[in-house]
Each structure stands twice: as structure tokens, then as C-alpha cells.
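In the two complexes that follow, chain A is the common piece, with chain B as its partner first and chain C second.
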Partner chain A sequence: MSITYTHRHVLEDHITGFEARPNVNHLSVIRRPAMAVVLAHGGAESDVDLALDMIEGVSKRVCGPAEWLAVAQDRTPESLLRALTSIPGASVLDGSDGHVLMRIDGPHARKVLAKCVAVDLHPDVFPIDMSAPMLIAHVAGNLARTGENSFEIIVPRSFAGTVFEEMKEMGRDVALTAGFG
Partner chain B sequence: MTPHRLSTGGLVNRAMPLRFSFDGKPLKGFAGDTLSSALLANGQMLMGRSFKYHRPRGPVTAGSAEPNALVTLGEGARSEPNARATVAELYEGMAARSQNRWPSLSYDVGSVNSLFSPFLSAGFYYKTFMWPASFWEKVYEPLIRRAAGLGRAVMAPDPDRYEKAWAHCDLLVIGAGPTGLMATLAAARAGLRVILADEDFRQGGSLLSETAVVGGLPAADFAAAILAELETLSNVTLMARTTVFGWYDDMVFGAVEKVQKHVALPDPDLPVERVWRIVAKRALLATGAEERPLAFGGNDRPGVMTAGAARTYLNRYGVAVGRKVAVFANGGSGYRTAADLTAAGIDVTAIIDPRTEISRAQVDLAGESLRILSGASVTATRGRLGLAGLVAERSGHEEVIDCDALLMSGGWSPVVHLLCQRGRKPVWSVAHQAFLAPDVGAAFVPAGSAAGLARLSACLRDGAEKAVALARDLGFAAYDTDIPPVEGEYDPAFAPLWYVQGSKGKAFVDFQNDVTVGDLSLSQREAFGHIEHTKRYTTGGMATDQGKLGNVNTIGIVSGMRGVSPEAVGTTTFRPFYTPVSFGALAGTARAEQARPTRRSPLHGWAARHGAVFVEAGLWHRSAWFPRAGEKTWREAVDREVLTVRENAGLCDVSTLGKIEIFGTQAAEFLNRVYSNAFLKLSVGKARYGLMLREDGIVFDDGTTSRLGPNHYVMTTTTAYAAEVMAHLDYCAQVLFPELDVRFASTTDQWAQMSLAGPKSRIILQRLVEDDLSDSAFPFLAAREVTLKGGLAARLFRISFSGELAYELAVPAGFGEAVADHLMEAGREDGICAYGVEALNVLRIEKGHVTHSELDGRTTADDVGLGRMMALQKPDFIGKRLSTRFGLTAADRLQMVGLKPIEPDAEIRAGAHLLKENAKPSTTNDQGFVSSACYSPTLGRHIALALLKSGRERIGEKILVWDRLRESEVLAEVCSPVFVDPDNLKLRD
Partner chain C sequence: MASLITCPHCGSRPKEEFSIRGDALPQRPAAHAPDEAWHAYVYLRDNVKGVIFEHWHHVGGCRRYLVVERDNVSHDVLSVTDAARFRRAAASGQDGVVAAGKDLA
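Let's look at the complex of A and B:
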């Protein structure tokens, strides 16, 4: 007997598919990114850090001392894991299902985020490619700046509904739209 | 033109008239008016009734310290009580109502209180309504509260949105007056990120009321020019309508922005108010100074206000507060206002000045035609609902002077509240005759009038210089800013006058709370002399204005009564909020379902499809039970679920258990130290139950840990303690055992985990799993990766909480619902059911397994029958040393036992206390308590787990289960806590 298991995104309960077309300010939920937690063992911290920068198509997110999330939007979780487990001194675990990745774009992205995070997102303080763990809408997550007006948000799956709804609420005054994409 | 609106002057927009109403009466004002200026322009000086005596009152100020002109704004659910008319921005359609009066503002029955005022002094209520004590809460207080009071809150839900946001800057400038504007300009030019916050809807502070010429421009135009430059700078954020209300730890300031309080119908996509948390590296307090009223008889009559307020109404709003005006002042401020009024064509009848020596500059300012009564005081006022005249007294000679407004000035007090909110008290300055801000360090300093300066030119310079100094302190190359010249300054000198000798009638010190000089005297006589006691006894300085106007006079008068300096009296404590902040703003979006985050299991949708009733467990929403058609009570569903698990099989969502993945060559050693039982020899592919203690030897948490590879483990924790265990492990790894090679991360959210329990669970699971699940291939406590049919990789653990043959299957969260659906389908012919945490709880009580009901932070491993989990042969583990303390090993400790009621139908409930049979029901005879109780459908009776003194020796004894709260007493037999399958035959089937 062969069985096919349907993979379900946790925000399918929140996104009907009948959303408005994206406005200038838009919150995109990435459907199946590959994400993995990378832990560096004692002495290998900087080597692992550097090695993560060398893997093509993988973005590195700082989660704490010697702990990162590796994110890839054009790889499968299995392929990402294979690439990461070859790094000496690192332990890796799949986090593709345990996290939800969202991206907010638009001229008012910072304005919306100022209502969700307590961290200063001025470009001098939080430049492109920087990431940090922080509370996002009261939930422990990770925020990264991916462009002048683009930020990626990673939160635990179980909290994603709360964060998604809260972000939409905070974006009402700038007509933030949201959907898979 | 209305009677008091001047034909020219002011900053109101005469091209934009606005309609509004006061107590239903339609009136007109202009854009740029406050409610108060618009009412005055319409000749409406009477705006409210006082708190206790219901005395008629008009505005005393033109700003945020206003104690009198409190009104209710808006209608229906949008009613806002106690709004200060002096800062309420007028808008088209504004509906304002007066408060604390019945039937109308001009005819108020409650003013009869005034006749009884000799009996209504401070402390009157406490002394009079003492007996009987029970009457205070039920009768007296509600009655008093109805008679005395402010506006009323509406009970309807607030229809509007509120939100909260963060802002960050190098420098926060609080107040956009002359000091704040120059400071912002200087800092902005140096390249700092500056936030300039001001509570007013128009920025400029005192410059908007000023007649002086600054930098060759009228003061208001000068303010506009600076603001225009600031608006072009990307490093400056101007926050108008934003009151900085509090200073908190780490240089975080709280501020509230009125986003839509000046519109009749708010845009639903915008908040009406927004609370800001402003994180500033440095801050400058440029909040200016507050003019002091004078304490003389009848000083609360509508028409009596501060000289500065009248000047603001005149110069900013083009409104004359009277047609025949008298001034009672002890310094330059009164002369300045008199000069402005005269220039506007208003009749100033006299300046009454208690000083005998007045500076040449001040006399010149008044002009030759103005009558000055030096060495004189106002001792009484005349009039009913408004001022008709005053009594001036000089050397025993009394003179009645007709007037419809009396402008008072008792000098100025710097507004230093924010600097005093974190413990430091203001400091009395003899030179300034005022309390100045304390030194709180270089990061937050006062400037301009807030620092005690009085002249405009000095404020401009101080603002710029202090901003430059702060910029340099932050490492910016800041250059000195040119200070614009000021023409038309005045001599601000004043002599303090706290109390006017010979006053007749009530001399109010705190207008809002109707506190008089006589009340202050009473509190001295009755030994409430300390200023904090005086405040509570008289209520002076309480309520919505928190004594912004009156406190300094209270202190001055009390110091006079005691014959000491104001320094010796000191101030009361300053706390946030500077001005009232609505609860809506503080709550932001966190209301109703949004009050806190919710967590959803990956199997939430599956459970919902099976009709689950959810229960909140921390932030999680867990499936509690799955009612089916015909089941009337939750118990029926739970009983069926339990029996189905015992007879067939059930599927339960256990995804919420904490899961921590652990890696490292010394992970085994790490686990061996954090668990009390042995972990070094756990082999790959096996799970083991583990018990964690706190350092003090008390049980912390329990769970299973499985070894998935030589250096790879996965630990489960209880749902409730997942975060605590993670923090504990972090502490152990980073602080206690940094030498161990171990790393770990939470993986709770990655896995959908389902418990499949019951005698038929293996048959059902085998239909879905490729690997061999026979007892020999996958024995009890096996734990390893398996492949589901179709190729999905999963983790399978043969562990059991119910005592049945059971497995926990974990799949990546996104596949959870699909796998659960397939399992239910695979088990349908075997009678599988979904079961919730309630059934799970019954199953574990029947089996005598503990949860945090037993591991309640007081119990040891031995107490709950897990003494064998203490591997004392290990060199050390957390909790080992202190677990041998005498108190933790005493023979009479509470030990876990089972309870069965003697009467088969009797019910035991958790929380009940245990007594010896025939003992008197009393906690002095306490023998323990019931920790968990349930109806056991397997046994057909109620059972319980309990903690009983020396319980294990008392198996078979009869015990009285005494439930005082629910008034029940049940006789029960002490038994083993394992009610089902004590020999674990089912587990290893």
C-alpha cells in the first residue's frame, strides 16, 4: 500500500486564496522554504559561521551564540540538511516544519514593524543582511533585513497564526495586504 | 464676532469656523481653538462644578494642568469623561457636556453641599461614617461617590482602535517651546536622530502666546520657521499631539499620541490613540514652567485664572477673558499680561501687587495709565456664577473693585515631573523660590524654563547649548548654534506669596479636590503633618491633575504653618502618568482574543474536524475531549474515550509536549547530571523515563529522553514546563558545565506527535509503518526513525502514559493532519477513537502516573513513589546534595497514595483535605490532600491520587476526605496509587 500525505501550511487556515492583489505594502508567506537549525560545537563557532556564508542559496540568521537558522527558498529540506551536515563541528536539525517564514515589503514596512518589535530598525543600526532574534508580536522569533524596505520574519509554527493576524492588524493604516507568495 | 472674541489677532483660522455644542447648546469657534478658548469666546466662563462642594468653576489655565474645566467629550460609547477643555482641540461637530451637576450647570442641586461645608472638611467622611463598619462599603461610600465626583465612564465597549509602537532616537526632546525647538535644531544639524514630542496640536509652546520678536520675526512665526526647517530633515521626527507621560528604566519613555481625538468620526483603519515606547540615548526636558495660582478668599470663582492663561487666550486664540480685568500678581508675569491686554484695548482696572518694591521695568511695562496697588492683596471676590468684583485690602483699608476677570500670578514652577519619576525628588532652590529638577545623570537633563530659566533669550540659548553638549557626549561633531536675538523681553522677577493674609471665605489650594487652606491647617492639627500624609488626609494633589497646579502652594503654605522652609517640607512622590492615559491606549490591540498570543498544535485542524472541545493550557489550545452525537456531558465523552483506549485504541495529540534535541560527544554525561536517574548507558534506539530535580532536591520536571544516535538525543518535557526546562538546560550548559561538549535546541514546533494507545495500537500502526513493529523487533521503550508507507520519514517511540501498549509517532508538523487522518482510517475497523487531555488524565490517574498536580514544587522523588529514580551511586547530579537534607527525608512527609471511596458512588474531588477517621474537621488535623481525582470508567467508581502523611505505611487505612469548599466529607480507603495493571503486563504485551 502506498500512501500520499498532503503537506499543509499552518496559515492555510488564515489565507483563503481570495485575498486582494498585493499592495505596495505586502506581507508574503513563503509556502515551503527549507530551514534548519545549525549549532556550532565548542571551538568551531567561527568556522561554522564562515562555512554557512559559503553555501550558495542559503541565508544565515543569527539566533543566539553559536546558533543559526539556515534558510533556503529554492532547496528541499533534505537537500539543505545534506549541505549543512557536511560542515565540521556543526550539529544540524531540520526546522522547515517548525518555523514559518514571512516577508514584509513596502515603503511602510518599518512603520508596521515598529508596532511589532522593540528593536531599532534604522538602516544605520540594522542594515541589510543583518538578523537578530527578537520578540515579534509578543512571540520569540527572528527578524532579518533583506532589502531597504524588505524584512523576513521567522516565527515558531504554533504561533504563526497569532503573528500573521497581528501583523495584518498593525498594517491596516498602510493598507497592508497578505497572502502566500 | 462673539462677545469675547477680538476682531483681530491670535493664531486661530478665522476662515475656518467650526460648529460645536456645549450641554446641547450650539456654538461656534475656529480651527485652532481649544474647547476652552472657544467657550470663552462665546462668553461661557462657567465650565464645571467642583468635586465636593459643587462650586461653579471656570478654567484656571490654558494648558494641561487644568483642574477645573473638565468636561465629557463625545457621545455614546465614545464618551470621554474628565477631558480638559483647555487642551481639547476643537473640531467640527464636537459635543461637550459639563459634569458633576444636576439638573444643569447653572442650577446645580448638589451645590447645597457648599452650605454644609463647615462639616465637609478634610477627613470628614472617615470620622463621620465610622459606624457600623459594614456600612462603609455598601452604603456610605457609594453615596458619597455619587454626590462627589467627576465624570462617569460609559459601560459600552469602546468602538475604536488603539495601538502601541516603538521609536528610537539619539535624542528625545520633550516640549516644542523655545527651548525644545532650539535644542532640536542644534541636535539635528549635528546629525543626531532626534524626536521632538509635544502634547499640543500646534508646536511652539510659549512662543505661540508670546508678543516678543525673535530673530526679527513675531515669536509664533519664528516657531513656524524652525519647524519648517525641521520638517525637511530626515533625521528629525516631529511628534505633535504626543504627551511624554513617563520615564522608565533604560531610558525608555512612555508617550501617548492623540491620533484621532480631534475628529468626530474616526477612520476605523487608524487608531484613535497610540502609545509610544521611545528608546532614547539622551533626553532633554523642555517642558517649560507652570504659573502658580494665589491662595486668597474666593480664588475659585469663574473668571479667576492665571495671568499666563489669560495671555495665551489673548495672544494665541484672540479671546479676551473679560472686558474689565484686574490683576493680582507678585511679579513680572502679571504686568506683562496687563500690558498685552491694554494693547488689545481691554480695560485693566488695577494691578494689585503684594510687594512694596516693584522694579522700574515692571512699572514701565504696565504703563502710566495703569493703577498699581502695591503692598495690597485680594482678600475676597464677589459674584455668583461668575466674577463681579474683588475686595482689595491694603494696610487695613478695604476697597471693592469691579471686574469680570481676575488674573493671578504667584510666580513660576518648572515642570520637572518626568525627571522625578524614578525615585529622585525635586530640589528646593532659594534663588528661584521653586523646586528644581534633581540631578539624574548626564543622559537626561532639563533645559530652559524647566531648568528654572525665565527669560526667552536664556531659554533659546540653554536649549541649543545643552543639545550641543549632549551631541558631543554621544560623539557627534556639533557646532555652536547662533542664538536669535529677542526684542521685547520682560523682567520676570517675583517674590513668593504662599498665603494671602486676611482672606475671607474659602481660599482654595487644590481646585480639583476642593482643598482649602483651612483643610491644610486641620491636617496639621490632627497630626497628618508629613506632606505625604497631608496629601492623603486632605486629598490635595490627587485625582486627574495630580496637583500640577496646587501642590507647590500646598507645600509653601504647610511650610509657612510649620515655620520651616519648603525644603524641609519636601514634595510628594512623582509617578507616571504625567497626564491621564486611557486604558484603551495602554491595552493597544491586546484586547479580547488578541489579549495574548495563542499556540496551535499541528493537529489542531484534525482535532477540530473530529469535533474536539479545546481547553486553554498556557498559551496552547489543546483538544480536551471529542463529544459524539447523543453524549450530553463531557464525562460521557471522556468515559467512552477511556474505555475505547483500554479495549481497542485511541489517538491523542501530544504535540504540545516540549521537545529538545540534544547533540554532543558529552551529551550523555550532560543528561546524567541533569537527570536524577542514570543516563550514561542508554543505548541507541532506546527511550528512558527521566526525572529532573531542582538544585534544592525537589522534583522539577519529568519526561522521556531517547537516544537517536551516538551523540544525538531527543528529550521530551511536560507541556507546562517546556520553556522552563529549556532555560534550565541553558543555565546548566552555560554556567554549571561549560566544559561539556553539548548543544541543544527546541524542536517542539517541528513535530506533530500523536500517542496511539490501546491493545490494538500495534495492529493499527503496522498498517501504516514499513518497519517491523513486532514486540521483538520494536520492544517496549524502543525509539527510532521509521518509514511510513509512502516513504515519509517519522520517529516512533514505544512509550506509554496510559499503561496500555502504546506508541508515540512523530512526523514533520505539516504532515501531521494527513498522518492522523490515515491512522484513524487504518484503525476504523478496530474501533479507534480520538481522545483528549481529559481522557489522558483519567488514564494516567488509573495507572498512578504523576503530572504537575503531584510534582507541584513541594514533592521529592520519594514522596511520589519515584525513589528508585534517585541514582545515588552517581558522583553527582543536580539536586543530589540537598535531597539528603533532613526535612526532605523525614518519615512523616506526605507520600503519594491512591484513594478509593468506601461508598462506591461517593465522589472525591481534587483539593480536598485528608483527616484521620473521626478526627474533627479542621486544618490543625490535616493529614494531606487530594492532588488528582477522577471517575474511573475502568473501575466504575471514583478514584484519586493523594499526598498523605507517611502514606505508604497506611495502605488499607480509612481516611476522611474533607472538602470544606464544597461542603463534603467522604470516607475513603488508602490504597496503592496504581489502580490498573500494577504488574505492567499490558505495557510489554
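Let's look at the complex of A and C:
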């Protein structure tokens, strides 16, 4: 007997029905990103940090001293892991199924996020390419600025539903739409 | 209560991101120390009015233990140091205190 595994996103039940076309303010849930936790061994912190910047198609997210999340949207978890385990002095754990990646875009993205995080997101203190671990809708996650009006959110899978619903609620006044994308 | 803590790893953060774990100054006795020493280490605290050193766990951020030096009368935060760094500095006999914001590397 053969078994067929079906991939089902944890937010599948939260995104149902006929959603209108995305508005200018839109929350996208990335369906199958590859994500891995990277830890540097003592003494190798700055080497691993630099090596993570060199891998094509992989974004680095800061999680704390000597700890990062590596995110790739166009790679399989296997390919991401292969690239990361070749870095000397790094320990790597696959976290693709343990985390959920969302992206919020639009002129009011920052306004919506201001109601979800207690960190100053002014471009002078939180510029493009910066990332930091923080509470997002009371859930410990990671926020990154990917553009002037674009942010990426990573939260643990089991809390993703709460964060997703909370973000949608906070975006109601700017007509935030949401969907896979 | 001090409501903004400058984490040496994450920057300025609200106190809601932290869990306060108590006095940072008691020294852990040796494993075979007398019961009195262990009792004092586990239960006895000074309840200082003024400057105190506490362990703050940055659970909502970098998940590091920090040592926060603050004044519980004026609510001023005087310094925030990573606990590992604080302990190393204390062990080498230096002042384990790094001024808040000075050490944002």
C-alpha cells in the first residue's frame, strides 16, 4: 500500500472563502518557505555571520547573539540545509515546518504593525534589511524590514493562527486583505 | 517600574518582553556546602531599597539572561549587561557593570 502525503498549511482554515483581490495593504502567507535555525560555535560567530550573507537566495534573520534564522523562499528545505551545513563552525536545524512566514506590504504596513509590536519601526532605527526578535501580537517571533513598506514576520507554527487573526483585526481600518501568496 | 529596558542585543524594549528572575547577586554555594549556606542562597534576600541587580530573562526577544541594575525608588535603569558577561567580569574581579546603551554591539 502506498501512502500519499498531502502538504497542508497550518493557516489553511484561516484563509477560506472567496477573498477579493489584494488591496494595497496586504498580508501574504508564504506557502512553503525553507527556514533553518543557525547557531555559531564559540569563536566562529563573526565568520558564520559573514558566511550567511554570501549564500545566494538566503536571507539572514537575527535571533540573538550567535543565533540566526536563514530564510529561503525559492529553495527546498533540503537545499537550504545543504548550503548551511557547509559553513564551518555552524550548527543547523531545519525549522521549515516549525515556523510560519508572512509578509505585510502596503503604505500602511507600519501603521498596522505599530499595533502589534512595541518596537520603534521608524526607518532611521529599523532600516531595510534589519531584523530582530520581538513580541508580535504577544507571540515571540521575528520581524524584518524588507522594503520601505514591506515587513516579514516569522512566528512559531502553533501560534501562527493567533498572530494572523490579530494582524487582520489590526488592519481592518486600512482594509488589509490576506491570502496565500 | 522601569518600563523600557535597553537589551545589549536587541535595543530598547518594553518590560512586557522580559521575565524577572530575581536577585542577581547571591553566589551559588559549592555542592557540599552546609545546609545553612544553601538555605541562605535559596530563600534569604535583603529587600534593598535603592539600587538592585536583578536577572531579567529576555523571553520575548533574544532569550538571553540579562543583569539589570536599577533603582527601585526612582525607577532609573542604570545598566543592562548580558549575564554571561556580567559573571565573567565579576569572576575576573572587574566591575561587572556596563553602562546602558554603551554596549549595543
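Methods note: the second predicted complex is superposed on the first by the 179 of 181 C-alpha atoms of A that agree within 3 Å, B and C clash if a C-alpha of one lies under 4 Å from a C-alpha of the other, contacts with A are read in each partner's own complex, and residues count from 1 in each chain.
Please note the rule applied: a residue touches a chain if its C-beta (ideal position, glycine included) is under 8 Å from a C-beta of that chain, and two chains touch if they have at least 3 such contacts.
All figures in this text were calculated on a predicted structure; none of them were measured in a lab.
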Just chain B (first), just chain C (second), both, or neither: which does A:122 touch? first
In the overlaid three-chain picture, which partner chain does A:4 touch, first (chain B) or second (chain C), both, or neither? first
Does chain B (first) or chain C (second) touch A:93, or do both, or does neither? first
Output check: A:173 vs chain B and chain C. Expected answer is one of first, second, both, neither. What do you get? first
Tell me which partner touches more residues of chain A in the superposed arrangement, chain B or chain C. B
Mind working out whether A:37 is in touch with chain B, chain C, both or neither, as first, second, both or neither? first
By the touch definition at the top of the document, which applies to A:134: first (chain B), second (chain C), both, or neither? second
Chain A positions within both the chain B interface and the chain C interface are 67, 118-120, 125
Which of the residues in chain B end up touching chain A in this complex? 161, 163-168, 193, 269-271, 277, 279, 589, 594, 596-602, 605, 620, 661, 663-664, 712, 741, 743-745, 747-751, 767-768, 788-790, 792, 811-819, 822
Chain A-touching residues of chain C, taken from the complex the two chains share: 9-14, 16-17, 59-64, 82
If we count contacts the way the header does, which residues on chain A are in touch with chain C in the complex? 63-65, 67, 118-120, 125, 132-135, 140
Can you name the residues of chain A that touch chain B in the complex? 1-10, 13, 32, 37, 39-42, 66-67, 91, 93-99, 114-115, 117-120, 122, 125, 137-139, 156-159, 161-163, 165-166, 169-170, 172-173, 175
